[in-house]
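Both of the next two complexes hold chain A, though its partner changes from chain B to chain C.
And now, the complex of A and B:
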């Protein structure tokens, strides 16, 4: 287990290093450059522009900039935004918190809906409950989340006026983005729970448990579900990855000031330090999520733990 | 025989599979009794309905498609066929237990042995977790598992096949049931372990005066542990007798065929007897002896009339034309009786 963890951690660092190079070069090869938060305009003279770039070190070769950046990171200096000069540490504090609130709410919603419905659909297989749940799952997987977002805004904000269409950070403003972010994951998790339950309901031990005289709910929830959750847990790692990707879209649509919103905004404004740092942060998050999913898988499945 | 001595009695049990293309009786009017401290072996080839009989008794048939459609199941004289499910649940694992063929897959892989035994206890008795744990360790010691406290913390995959089956037996016996159903308990184990498991079942049976319903296709197992043997064919009992009597004097041609197809150290090594043909399709049973198409002694009556189960001196037999037992000879390849081949 220790060598396995060491190897996984090594891969993680390698991927981070490679992605940092890719991000650094990709950002700088995009057309345009930082506008200095209004210091520069399309009408600024060539001299002013050059002076600005020289001050920021943007006139240096990209690899030199890269090593300077790495040096700063190593000293714990995350830099400041080129747009408004706010330290990235502060941006991190507020935006990461907002994203975490949104992401965790979405995860919570999806598991609270998906697991009970998946179990119910499996136990009541081929009944209307099963068909309704699976029909819902197909919708959840099929509807693109940006479209779902627009539909929800149209009905709940414009038509019914029940929920604010965008903004942060009160609970009513959280509901729609969290639902949209949860939709696809809920559908996939529900289907996964159902098929995994059906698979384990056929296991020999289910009959043996009934032969011991256990109550049916204990057989289903304590034993079958526990076995069925193993693939659902390992799916969580993947789901966190999707969540990060969808957060860019959902946060932008609902103007939810999270990491995804900030990242999209900073890329559009060529705010290199912010875009660099937050894309690396999201990659790091996805890697950590997968890493945790592996550990969680081991915890849920004793056969892996010992091996 | 007093009523109270009979731990399990099955009367005229019929189990039906409800299929889309018609209903099929897979257990067809079976009756038997198992006394306290007695082992009744239910013997037959795959698909003859022996496991479905056992599942009908403990009411764990896969429903749908299978359901008991007729008959009585008496546990210590009380009919349990119609008791509500919650009452049946409280009987399972307590008054009547079952051990299954495959000990690895019959244990939940994600719970420890200790958890799985204690939950069997706490499902039926109001005891603390600690007390249940102590009971679990005791029963493991009783079935001769070394260092039982340690084993309680093990997961099923950490034990050997024989140990797992001991755990299953321990779990089945921990609440001191009256009846134990053992469905092919040694089939998945290798031969030396088989003997140990059979010894264990025998020892526990004597100590506890258990009534054991042993389901097997293995006549060697039967000869080691059974007091009485019921031979099943196509969902019916075709012969039933005390084990010694049955082995010495098998009367049904099917039983004779089964005994002739056991390899023996002394016998002809070249060809082993095989019963020709195969089990009839339960969807299209003729009003005749169901074994007739495969029987070397079939006479006209066998093809036209279904024989009843008739008792002579405690030996039950369902046959129109019983013949004395001489080990049936292996049929040389290419010498298969054309009438048998045609009827398949």
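And now, the complex of A and C:
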């Protein structure tokens, strides 16, 4: 296990390094350059533009810029935004916190809804409860999250006026983005809980417990569910990775100032320092999440523990 | 499996293998029969077939040009005379835009999935068949993209080449081939040890022949099931990216782009966004249900557990 962990960690660092080079080059090869957040306009003269790029070091070869950037990173200097001059350390503190609040709320919502419904659907297999829950799950996986967001905004903000349609960071503003972000994960988790429960309900030990005269609810909650939850929980690592992807869209729609919103915005505005730092941060997060998923998978199922 | 007594005469062997091959389980005929009986799969196929037809012939039947602006006729509600689904804020006919939007979304979904399916199947087949270093190289690439959120990769790629459908197609293809490669590799890895492969090899059949004639037919079913899910994933990804301004660029209408354009008019003219949204939901549901149905047909053991 120790050598596996070492190899896995080395692999993660390698991917991070490759990604940093690719992202660095990719951003700079894109058409258009930074507008300097109002310092430059499309009408700025060539000299002004060149002076601006020189001041930021953008006139140097890309590999020189890359090594200078690595040097700054090593000294803990993350740089500043080209658009509004805010230090990236400050952006990191506020935006990462907002994203964590949103992501963890979504994760919590999905488990609170999905696990009880999944258990109920498995216990009441082939009844209307099962069919309703599974129908809901199919819908949850089929409705694109951004469209769900629009529909929720239409009803709860525009028609009923109960919830604000965007913004941060009061609890009412958190409700809709968290629900939208939770939707697909809830559907997947519910289906997984159900099929895992069905599998374990057939186990011999269940028959033995029933024969012992244990009440049915105790058999299901204390024994079957405990076994059935293992794959569901070990799915959490993968789900964290998916959340990163969905967060890019959901945060953009609800103008939730998280890392996803910041990344989309900085890519579109060619804010190189912000875009490259936060894309690496998200890649790092996904790698950690996948790493956790692998470990979780191995712990949950020792037979297939990765060699 | 028939007995494998040694037959010296090579021609007799060949005849025997051909006979066995001709009498192979009629899985595909059965599958077709099952598919037409399975209500789920049938419903899914009908929806998917309908939208495919619309994507092919729809734009030719469109009553107006998709980009033609008539500023005296803006924001007409559906069922207005001459505009079945109404018009948008620039007076463009919504039905005409929707028909082209369906074509674009379907083309992106089918196109990326076709590329991913071919690349993934070939890579998975080579990895599972040759094992060793081929397997390690393919496995390394699969590891690299597997588990990465599609949208994150797409956003970064689009950051490099600029917004547009090309970036969407490349990003989706780049991520999704790994899914096919994983499945195909696993199946080929196991199939390679079966007697029919050993006997084909004993006959002196080449690797390529074995892969195409004997292994491919056995893995294509799972690849197609995966394919229907991946088309849905690609359609949702394209719509999401277009929605945040990174996919199809105006005036081109993709379904996500249309939802985005309508999102500013939700209170009074919600149909601009709700109609393309409903189309996406129907399309994606159809594809997912078709995938579930095909999976039940090709692997009945999994029925009702997923």
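In this section, the second predicted complex is superposed on the first by the 288 of 307 C-alpha atoms of A that agree within 3 Å, B and C clash if a C-alpha of one lies under 4 Å from a C-alpha of the other, contacts with A are read in each partner's own complex, and residues count from 1 in each chain.
One rule holds for everything that comes next: a residue touches a chain if its C-beta (ideal position, glycine included) is under 8 Å from a C-beta of that chain, and two chains touch if they have at least 3 such contacts.
These numbers come from a predicted model, not from an experiment.
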Return first, second, both or neither, reflecting whether A:255 touches chain B, chain C, both chains, or no partner chain.
-> neither
Of the partners chain B and chain C, which touch A:275 in the superposed model: first, second, both, neither?
-> second
For A:72, is the partner it touches chain B (first), chain C (second), both, or none of the two (neither)?
-> neither
Which partner reaches more residues of chain A (counting touched residues only), chain B or chain C | C
For A:7, select first, second, both or neither according to whether it touches chain B, chain C, the two together, or no partner.
-> neither
Please work out whether A:54 is in contact with chain B alone, chain C alone, both, or neither, and reply first, second, both or neither.
-> neither
Between chain B (first) and chain C (second), which does A:124 come into contact with in this model arrangement: first, second, both, or neither?
-> neither
Thinking of the overlay built on chain A, is A:264 touched by chain B (first), by chain C (second), by both, or by neither?
-> second
Which part of chain B faces chain A closely enough to touch in the complex?
-> 58, 60, 89-94, 97-98, 100, 102, 105-111, 119-120, 123-124, 155, 157-158, 168, 171-172
Quick one: in the complex, what on chain A touches chain B?
-> 203-205, 207-216, 218, 222-223, 226-227, 230, 300-303, 306
Quick one: in the complex, what on chain A touches chain C?
-> 11, 15, 23, 25-27, 29-32, 138-139, 141-147, 150-151, 153-154, 158, 191, 195, 198-199, 238, 241-242, 244-246, 248-249, 252-253, 263-264, 267-268, 275, 279, 282-283, 286, 289-290, 293
In their complex, what parts of chain C are in touch with chain A?
-> 143-144, 147-152, 155-163, 232, 236, 239-240, 243-246, 256, 259, 263, 266-267, 270, 273-274, 277, 280-281, 284-285, 288-289, 305-306
